[in-house]
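Next, two complexes with chain A in common: one pairs it with chain B, the other with chain C.
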Partner chain A sequence: MSPAYGEPVLAVQDLRVTLGARAGGVAVVDGVSITLRAGEILGLVGESGCGKSMTGAAIMGMVPGASGQVSSNSMQLGDLDLAQLDESGWRRIRGSRMSMVFQEPLTALDPVFSVGSQLLEVIRRHQPASRRQARSVATTMLASVGFPDCERAMRCYPHELSGGMRQRALLAMAMVCRPQVLIADEPTTALDVTTQAQILHLIRDLARQAGTAVLLITHDLSIVQAVCDRAMVMYCGRVSEEGPADALLRYPGHPYTAGLLAAMPRLSSGPVEPVQGIPGSVPAPGQRPAGCSFSNRCGRADHLCRSQEPVLHSADPEMSDSPHRHACHHPLAHPIGSATA
Partner chain B sequence: MPGFEPSNRVWQKLRANRAGLAGCALVSLYGLIALAVALGWAGQEWSLVSGERWESASSAHWFGTNQLGQDIFQRAIYSVRTAFEIGLLVALTSTLLGSVCGAISGWYADTWADHGLVFLTGVLDSIPFYLFAAAVAFAFQASAWAMQIAMVATFWTTTSRLVRAETMRLKSRDFVQAARAIGLPTHLVLSRHVLPNTSHILLAQAAAVFVAAIKTEVILSFLGLGVKDGVSWGLMLAESTQEVLASQFNNHLAAAIPLLLLLLGFNLVIDALQDALDPRQGSA
Partner chain C sequence: MNPDAPLLRIRDLYVSYAVRRLPGFSQNRLQAVRGVSFEVQNGSVFGLVGESGCGKTSLARAIIRLVKPDSGSVHYRDFDLSHADAPRSRQARREIQYLFQDPLASLSPRRSIWQTLLEPLLHYRIGNPAGHRTRVGQVLEQVDLLTDVLPRYPHELSGGQRQRVALARALLAEPALIIADEPLSSLDVSMQARMLTLMRKVQKETGLAMLFISHNLAVVQQLATDVGVMYAGELVECGPVDAVLRKPAHPYTQALLDAVRRPASGGLSAPPLRTCAPPGSLTTAPGCSFHSRCPHVMEHCKIIRPHDNFLIATTATGGKHIARCHLWNS
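Let's look at the complex of A and B:
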């Protein structure tokens, strides 16, 4: 049933999300194309307000209908055309073929119901299982996300669990129907560092086992380094750079990616280097500069950048179909061939 | 914290509140009396003329008799059942109506459905309460449920308003988004995840409506718009207006004191409930 590792499961072409249709409309996601492959983790990186969470919501069909409009050239989940789905079609997909993990594990669990009853709700919604079958599926799932005593965990209320355990419970809810796509929106931001690593490795292991493609939304490049196969950097609703995680982190082409990397604090034995931030802040939607939207914060920007918008192109001048691509007129130079290493 | 469940915490807080416990005991006592009357174990001779006019208290007639020679004790006891019947019915119905309307209004905030409901509650609330209840009871006079309809029509608006505000607050919470993300349709998101999280409001508000219904019953019955078959404290008070002029206070006191004690007990319970259920108080 589940597709082979590496096979594309979700393909989105030219996704746009426009907010505030009444007031003319502002594009918060502007022509993003994403392909997710089975068992693979794609890191979606960017500062707050760059449109990464909205991209996740649009893929789940959960952009609030009153305020946002979603359009795309195509949106395919396997052989299913998501763009053609009505609301009841979406409801059949959500939780079963596509699911979601949220940033704040305490508020993402309903405080008045036990972990078990919330997990059973997902199972019974999407699987024709009897009460007993559903219960055994639920306890097995809790065991596989690392609960030591599943029977007790079933009866626990969210406030009785630690942050890491709550996130495990949410992962159990998200993964119990073995979805093809998991959207994890900053899943570890609210957790302490040691728990972060455990949860990230758990996500990776569960995804590999179930053949689930993961879209991991984060602002933290060290997370990309730790678990992601591929990475995509967003700025102002557009993709500024994408590629294999190693290549992108080692040889960033776009000055924005390089800026994000320089802003990462590092532990080193040498003299302490001050962490470098990117000057300025993300412009509000609707107030973006003409041309390249990063031009007003970029040290390399020139007349061309301020007048003409760069398009995504191969980072390797000798290979036009390189998986490492960026949208920059004046990319940082790296040794030939290193971009696809 | 193993075995430490929220229901335990609420219970512990309730137990620590002495006034609340006293209120609980008082209300439970009334509840038992109401049950005994409903089961036919007590108060069945409320309409029987069993003595002379205005007999004073004796072992045969504990509270004496009224103008018609009916036993006042029997009537006072039977009235407990009347009060509970009306209180429960009105509290349940108006809580149900108010929570459904409030949840819809809050979920679809700032749409035509919400505007319509907010307008309706605003209009109903702007009419002086007793005037409106009396008018509705008068309009539905032919129906046996006139008084109950009048009360539900006026009481549901407060519940609706409270639930609407809470729904708007809960709507943006992650667990409601998570409920959508597992594929639940809106009516299940509301009934399974939003409304259960308003239960502390619903419980306290239902208790408040219960009290208000009992008080309103007395007033409407006094005005002749209330209880039609049976007896109630309101009817007893209405009767006693003539008796008081003849210096006969038994009927009056036998209705007023039980009413006062029941309302007092209920208010103590409501206060204790609000303290115990308020998630902002005490350590979590």
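Let's look at the complex of A and C:
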């Protein structure tokens, strides 16, 4: 029943997450709208503390009710209204229709159960399968994430695997029910570059095969460049720029996106371009400057930026419905028409 | 002392660890570093690259004798660190400073930043006590920190601030060599860039030498003058950064470069390596350690261990470019 490639599977309108009860709480995610389409990978980018992980957690219904409030205009997974789900409803969805991969697989896997038993648990919980059927599904899944010896892998405990293999095991668990949505929160940050490339390939291939929409949370734009179809840059809980990954990386409109790009070391065959960091740091939630939240770190900021908050608008002045949009009063100029090229 | 002598000279270093005997393995020592030789010149930055588990950290720790090497030698200036007398050991301890990967683990949680930064000055008896506050202030400025961090504790600082405190602590000992073991990997991209800029600035200003360990060649290119590539405990390629990155000689270096190279038009460029993991260092299979993943594997790669082949010096500086690979047998 997986939807056709490119069809919207998850639509979140105006998502807000507030933490803490003091004085109405502090908004850590503030009006984020996301649409995920089957088989595509959306990169959610930003520095630590910009609200990207919290956005992922809110979509998975994992913001603890005691400390945070989640609200939205609508949150739809296909025809299912996620906002109406109670905890038992969420448990049926998580792992079957939506699943998640975390940054540190060693803490996401249970150290006292073998990989096989953790994988079987997911299958048996969500699918009407006999023990034997579940076992065959599990071994097939382990083979498809690249375990050379599946029978042995089933018996392995997490500490016996390397970082890359652990992340593969976690991916197997996340993808075994062919979910509609996969949220991958910094899945390759703990891995080194060659393993990183393999895991990203794997996520992309699995998502294409199963028609899964992927929300890939990362601070690294080179990952966006490598595998993402679209990208969304977040700053201080708001979307500062979004669009097709190619256009956004080639013609960044928001100075924050440009800053992240300048911070990315790239191999060059000519003289080395020194990287440049963005001065300052992400303000703590609740201490955002008035107007544009990036204005205190931005070289282009003026009086307008400090008084009035910019809204997301088309990056192409000639096309008001361009998919490439940014929230900036003084965006970087690019050749006309290039924003959607 | 000979002014042209390298600051640090490592010859044929072997490091191994005792491990529980595993089924299927004949020996119970894990060979972490296998016959590594290289030199770090005064005022230069040597970048050491490789995947996790390839022995980079073991090598770095063996240099400062946090682990004891099995064999081989580490010469610092004109003396052998394994046979140095007490004053010389003490001099080396001060002059070689280590920057660890995770500053939250390397800074004491129970000491304020002021106490932490004062420690090297007191321990090595640098300067007179009246000047300590000024000296700490100078170094804080050098690493882009304000003196308002001094009364605070590590948990109150951001990751980037902590790593800069760790750098400040290293600089206060007035080192000649800093060994930085993946100092950027706990930081996000923007902070990484600032830390990298800072380390380059500090290195230029003070003229100290650095052994910079990273798994990312693009990061190493930003800082290093020379680069060494490690695989399964061996230094498979080594030379001036321009030569190695522009004309990689070893297939493993080529694979690493493909993993970080910018694809021309979106999408992934290079296919990943043939298999997913390097061979376990417990096995002492004959032949080249990379042969099971190498796209250019030949029959004798599986049998004979390659030795270091000198390539023609390709840079104006005349640095030696070495590859441990049969493709370059003359």
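Everything that follows uses one rule, which is that the second predicted complex is superposed on the first by the 339 of 341 C-alpha atoms of A that agree within 3 Å, B and C clash if a C-alpha of one lies under 4 Å from a C-alpha of the other, contacts with A are read in each partner's own complex, and residues count from 1 in each chain.
We take it that a contact is a pair of C-beta atoms (placed from the backbone, for glycine too) under 8 Å apart; a residue touches a chain by one contact, two chains touch by 3 or more.
Because the structure is a prediction, the values reported are computed rather than measured.
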Self-check item: Clash or fit, chain B versus chain C on superposed chain A
Solution: fit
Exercise. Report for A:Ile93: first if it touches chain B alone, second if chain C alone, otherwise both or neither.
Key: first
Self-check item: Dominant toucher of chain A (residue count), chain B or chain C
Solution: C
Quiz item: Counting only touches as set out at the top, which of chain B and chain C does A:Asn73 meet: first, second, both, neither?
Solution: neither
Exercise. Once the structures are superposed on A, label A:Ser281 by its partner contacts, choosing first (chain B), second (chain C), both or neither.
Key: second
Quiz item: Which partner does A:Met62 reach: the first (chain B), the second (chain C), both, or neither?
Solution: first
Practice problem: May I ask you to decide whether A:Tyr157 touches chain B, chain C, both, or neither, giving the answer as first, second, both or neither? | Solution: first
Practice problem: In the overlay, answer first, second, both or neither for which of chain B and chain C A:Ser307 touches. | Solution: neither
Quiz item: Taking the superposed arrangement, what is the smallest distance in Å from a C-alpha atom of chain B to one of chain C?
Solution: 6
Quiz item: Do chain B and chain C land on any of the same chain A residues, and which?
Solution: none
Quiz item: Which part of chain C faces chain A closely enough to touch in the complex?
Solution: 51-53, 158-160, 188-197, 200, 215-219, 221-222, 245-246, 255-257, 259-263, 265-268, 270, 272-273, 275-277
Practice problem: State the interface residues of chain B toward chain A in the complex, per the touch definition above. | Solution: 1-2, 4-6, 111, 173-175, 177-185, 192-193, 196-197, 199, 284
Quiz item: Can you name the residues of chain A that touch chain C in the complex?
Solution: 47-48, 146, 148, 162-165, 191-198, 200-201, 204, 219-222, 225-227, 245-246, 259-260, 262-269, 272, 274-279, 281
Quiz item: Hey, which residues of chain A end up touching chain B in the complex?
Solution: 60, 62, 66, 88, 90-96, 99-100, 102-104, 107-113, 121-122, 125-126, 157, 159-160, 170, 173
